[in-house]
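Below you'll find a set of structures to go through.
Heads up, the next two complexes both have chain A, just with different partners, chain B and then chain C.
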Partner chain A sequence: MTARIGVVTFPGSLDDRDTQRAIRVAGAEPVALWHKDKDLKQVDAVVLCGGFSYGDYLRAGAIARFSPVMDTVIDQAKAGLPVLGICNGFQILTEAHLLPGGMLGNDHLHFICRDQKLRVENADTAWTTDYEAGQEIHIPLKNMDGRYVADQRTLDELEAEGRVAFRYLGFNPNGSLNDIAGITNAAGNVVGLMPHPEHAVESLIGTGRTDGLPFFTSILKKLVNA
Partner chain B sequence: MARVVVDVMLKPEILDPQGQAVQRALPRLGFEGISDVRQGKRFELEVDGPVDEAALARIHDLAESFLANTVIEDFTVRVEEVAEAAK
Partner chain C sequence: MSKTPLDTVEHAAATPDVELPWAELGLKKDEYERVVEILGRRPTGAELAMYSVMWSEHCSYKSSKVHLRQFGEKAPESDALLVGIGENAGVVDVGQGYAVTFKVESHNHPSYVEPYQGAATGVGGIVRDIIAMGARPVAVVDPLRFGAADHPDTKRVLPGVVAGIGGYGNCLGLPNIGGEVVFDACYQGNPLVNAGAIGVMRHEDIHLAKASGAGNKVILYGARTGGDGIGGASILASETFDDAKPSKRPAVQVGDPFQEKLLIECTLEAFAEKLVVGIQDLGAAGLSCATSELASNGSGGMSVTLDDVPLRDSTLSPEEILMSESQERMCAVVEPDKVDRFLEICDKWDVIATVIGEVTDGDRLEIFWHGEKIVDVDPRTVAHDGPVYERPYARPSWQDELQADDANKLPRPATGEELKDQVLKLVGSPNQASKQWITQQYDHFVQGNTVLAQPEDSGMIRIDEASGLGVAIATDGNGRYAKLDPYTGAQLALAEAYRNVATTGAKPLAVSDCLNFGSPEDPAVMWQFAEAVRGLADGCKQLGTPVTGGNVSLYNQTGEAAIHPTPVVAVLGVIDDVARRTPVAFQEEGQLLYLLGDTREEFGGSAWSQVIHDHLGGLPPKVDLERERLLGEILISASRDGMIDSAHDLSDGGLIQAVVESALLGGKGARLVVPDGLDAFTFLFSESAGRAVVAVPRSEEVRFNDMCGARGLPVTRIGVVDGDTVEVQGEFSLPLADLREAHEGTIPALLA
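== the complex of A and B ==
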């Protein structure tokens, strides 16, 4: 008996297969979910993966947020379903107001693709328990709209409550406020980040490290021990 | 028949690098004396039937929930009469 983790495919999703593979590498069972389907097939957790859902028209993630599958994801996330948003998935989570703040174009106005150093700031969320707080990791980053913004009150609240989950180290690649790379909701079940842990789960490819794998082993342990 | 225009702008406190890039290009084009440019979006909604209070309220809801993300953007809604001759 292992955990079943859903991966939503929207029109324009790019990393659904990589994300499914990362889930499998971690030892869980990936379940493909479709944007037009309200049914989450009784999965134990959901990953919203990277890409350019619906062409990112209007705003990144803005149209995906109103897709049938998201109605169910939003309801169940509020009830405690673990949800991880990576890149476009993070943008969708902010558009859905499951996470505070918003995502805008990189401050330098260019697409950026690099191996990015991060510090894990919160190792208590559903998706980060296999890290240690303060741990430094390298995972790939690739995006156009990676600039995290929020008003000062929200930033203060995130910082005070330890809800900045990941911070860019050494170089802020997009102008994100407070060097924020990822955040969590207050309950710790909904986490979003711009860099791509699913591209760093095997030593053969990517950064040559498996620094992204703990996302998927963390959630697996949580679900199997639940 | 009327047109309703929804203008969406980034909130004033949010950095607008696109607007800044436009502003920086202006002196090269011979435009002096423009100290700031901010870039926004304009939506033109062609409305069937009268644009009464109820229709405007619905468009306001649409702008608030979808056309703008009020976490990062402000919006305005206004009616623009469409001249029949122009059609």
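== the complex of A and C ==
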């Protein structure tokens, strides 16, 4: 028996098929979810993937957060359903207040696509147990609005509680506060990050590294052993 | 305010003497007279609108057609070609039941007027061409040319173009895997923004632009039609149609990539359910083009009710609706019993879809407005029977003088120190410098199938996860070579793209081109065009790679000053297993470096002559296409059999440019020895064609040499991958850090 992991497709989602492939590569079963459908098809976890949901003409993730599927995702995430938000998915999670803070345009005002070095700061979340705390990894990054911001109290709280899950190393690609690349909620079931682990699961493709695969094996192990 | 009466077909027949603004719409007098002769009466305003856009240079290829015929006449036998010139894009068989469609197009003029939207809609247009063939788009490439890198206007145009390409392509979820960025003062007022795209489908999914089967419905879907881009491809609309309307509509279209993304998904879903008989995207000439092309390629006629077209602006006249180039629209022909399902799919994706007409059993294209017939034409006369010009052409008087100004006689560096300085200057010059600042604004990773992307020699995409089947694409062009000799220049562009594909391990299969030239009304430009086409057609015949389609962009000139003739050639290749691809970067220290091919003293049009002497003269490098083919075969075999670990083609900048790039990408230096019979300068800077540098693991040395020897390819051992410098023995040594600073610092310093 393997785990069933849902991948939501919003209009404008771009990495939905890639994320499904990454889930398959890890050995789990991907399940396609549709933005207009409140039904999560009894999946064990959900990934909100990258893209420009509804065009993101207003503010990244601002409209997707109100889609029917998100009603259920928000309810179930609060009840413990593991949810991973990648890039636009991270933006949606902050808009939905499942994660604190928000994202602004990159400080250099350009889209940026690069192989980004990160440090894993928290290896205890539902999505990161296959990493070691302090491990340095490379994950492709590609975004226009990736600059993580939050008020000082929230930042202090995140730092104090070890909820900064990933930090940019060497080069901060967008001006994120505290070099934050990804964060988790207090319970550790909801994780969001700007880089794209689903693009680092096969040795031939993209940057040729597989540093993103542990996201998907972590959750698989957690769900299968549960 | 008096309302102009509707110019119906009946009204036109009854009022033969009404003057129409044919000249304002860009038609010549004899062209207008031909329309009258075809119709047997004066055209209605709507008919005139259709003929004027469809007979424009951009849509009709009236100046270039007589030359482009060579691509068909000289086409080599090829089993790979499934759909050739004339459709939205050519289609090539790549094996295992897969077909690949690809094409390059220009969006030059709009990108100068409005860089962001001009470039963005260029991507949008080429991607719709790919969808219209039935394929899922899988990658884009962007060959770009701008004015001098340090010119203030370049800082306006380039960032806008790059942001537009990124903004649109990234939002569609298409990896940008290749292209070029070239600077030259000749493009100052006429930047070249070419856009290419690749799509993949199964053989049985190929769709064509034709409307067959009387009773089948014509469905317009996608964005609403607005006043943007009216006559953008040809002429600006004038207010003469109806003085009561707002005038001076912007001729540059505005893109909405989100809408296009929805269009891709809903079109592919409709294809998957076999709901589509024929399909055409709406690009240049909008509905005029889509309806006349669909109708003329089908078996019957077509009847369209223009009132049913969803509008963004309810004040648009029927002429404007027919000419509008609003983006993100497609036209599908669907059997009546499948219409409901088609509309359902569009609704699922929130795409507006409207039945605007049907296929008839006649042979006329009839268009109605408020119940009255405003167009009644034979669609073939609109779409295919446009004027054809045999424009005069003549070798320019200055050509001999230009060729006599021999670059081989320029002063050369005399010492190792001078060589070293010139190497640093070369690799840090805007054309030879790293373009990472530009390419990192494009998504390379989306779709999760990118095997190679720029700065690799060709972009490569996996198309089958199980077998590893992949395709590669490279685009190349060198306006400096083509200016010196357009026939050879076009062949050099072909040879380089062919070589680039082979260098990554893929077998070149087919060609698309984007031919950028000045005004066809200048006999010198027309000669350049004629020579370039002849060169390309002859070259494709010899290499066995048919031209599958492409695009011609003329009038790239400001006043008397035309751009360099710039044929840009895209070569598509196939690789059985992407695991065997060969990257540019040096992989392991100790591997042996071999130079393949012959090096001659060839500096005409070279990067060295430009960077060091600001010189353009002499003759471009010689072309030997048989040698290119042999080199390609060796590179492909070596890749397949694991004999080489990295390879880089030699082109502008010569050997030293290639070695520096491989070293910087791999983070490993090289020790080079000047081979017997060559001087250090020629060895490093010559741009002789038909060459590549490969890195061979020591265990493969004998096997690799034997293979080259047996097949008669000259091969010279020139050094070894080693250390953290690039050293030319007895001449100079340059630390990688210095090279990196020179190579990677230039573009951000100029543009960031």
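Heads up, the rule we're going with is that the second predicted complex is superposed on the first by the 226 of 226 C-alpha atoms of A that agree within 3 Å, B and C clash if a C-alpha of one lies under 4 Å from a C-alpha of the other, contacts with A are read in each partner's own complex, and residues count from 1 in each chain.
Convention: a contact is a pair of C-beta atoms (placed from the backbone, for glycine too) under 8 Å apart; a residue touches a chain by one contact, two chains touch by 3 or more.
Everything quoted here is computed from the prediction, not taken from an experiment.
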| item | value |
| --- | --- |
| Of chain B and chain C, the chain that contacts the larger number of chain A residues | C |
| First (chain B), second (chain C), both or neither touched by A:Gly105 | first |
| Which of chain B and chain C A:Arg209 touches, first, second, both or neither | neither |
| Touching partner for A:Arg4 - first (chain B), second (chain C), both, neither | neither |
| Which superposed partner A:Asp15 touches (first chain B, second chain C, both, neither) | second |
| Touched partner set for A:Cys113, first chain B, second chain C, both or neither | second |
| First, second, both or neither for A:Gly55, with chain B first and chain C second | second |
| Intersection of chain A interface sets (partners chain B, chain C) | 108 |
| Residue ranges of chain A touching chain B (in the complex, touch as defined) | 58-59, 62, 66, 94-95, 97, 100-102, 104-109, 147, 149-151, 175 |
| Complex contacts: residues of chain A adjacent to chain C | 11-12, 14-15, 17-18, 21-22, 50-52, 54-57, 108, 110-114, 140, 142, 144, 196, 198-199, 201-202, 204-207 |
| Chain B residues within the chain A interface of the complex | 10, 13-15, 17-18, 21, 66-67, 69, 71-72 |
| Chain C - residues contacting chain A, complex | 163, 166-167, 170-173, 256-259, 261-262, 349-350, 439-451, 462, 465, 468, 578-579, 752 |
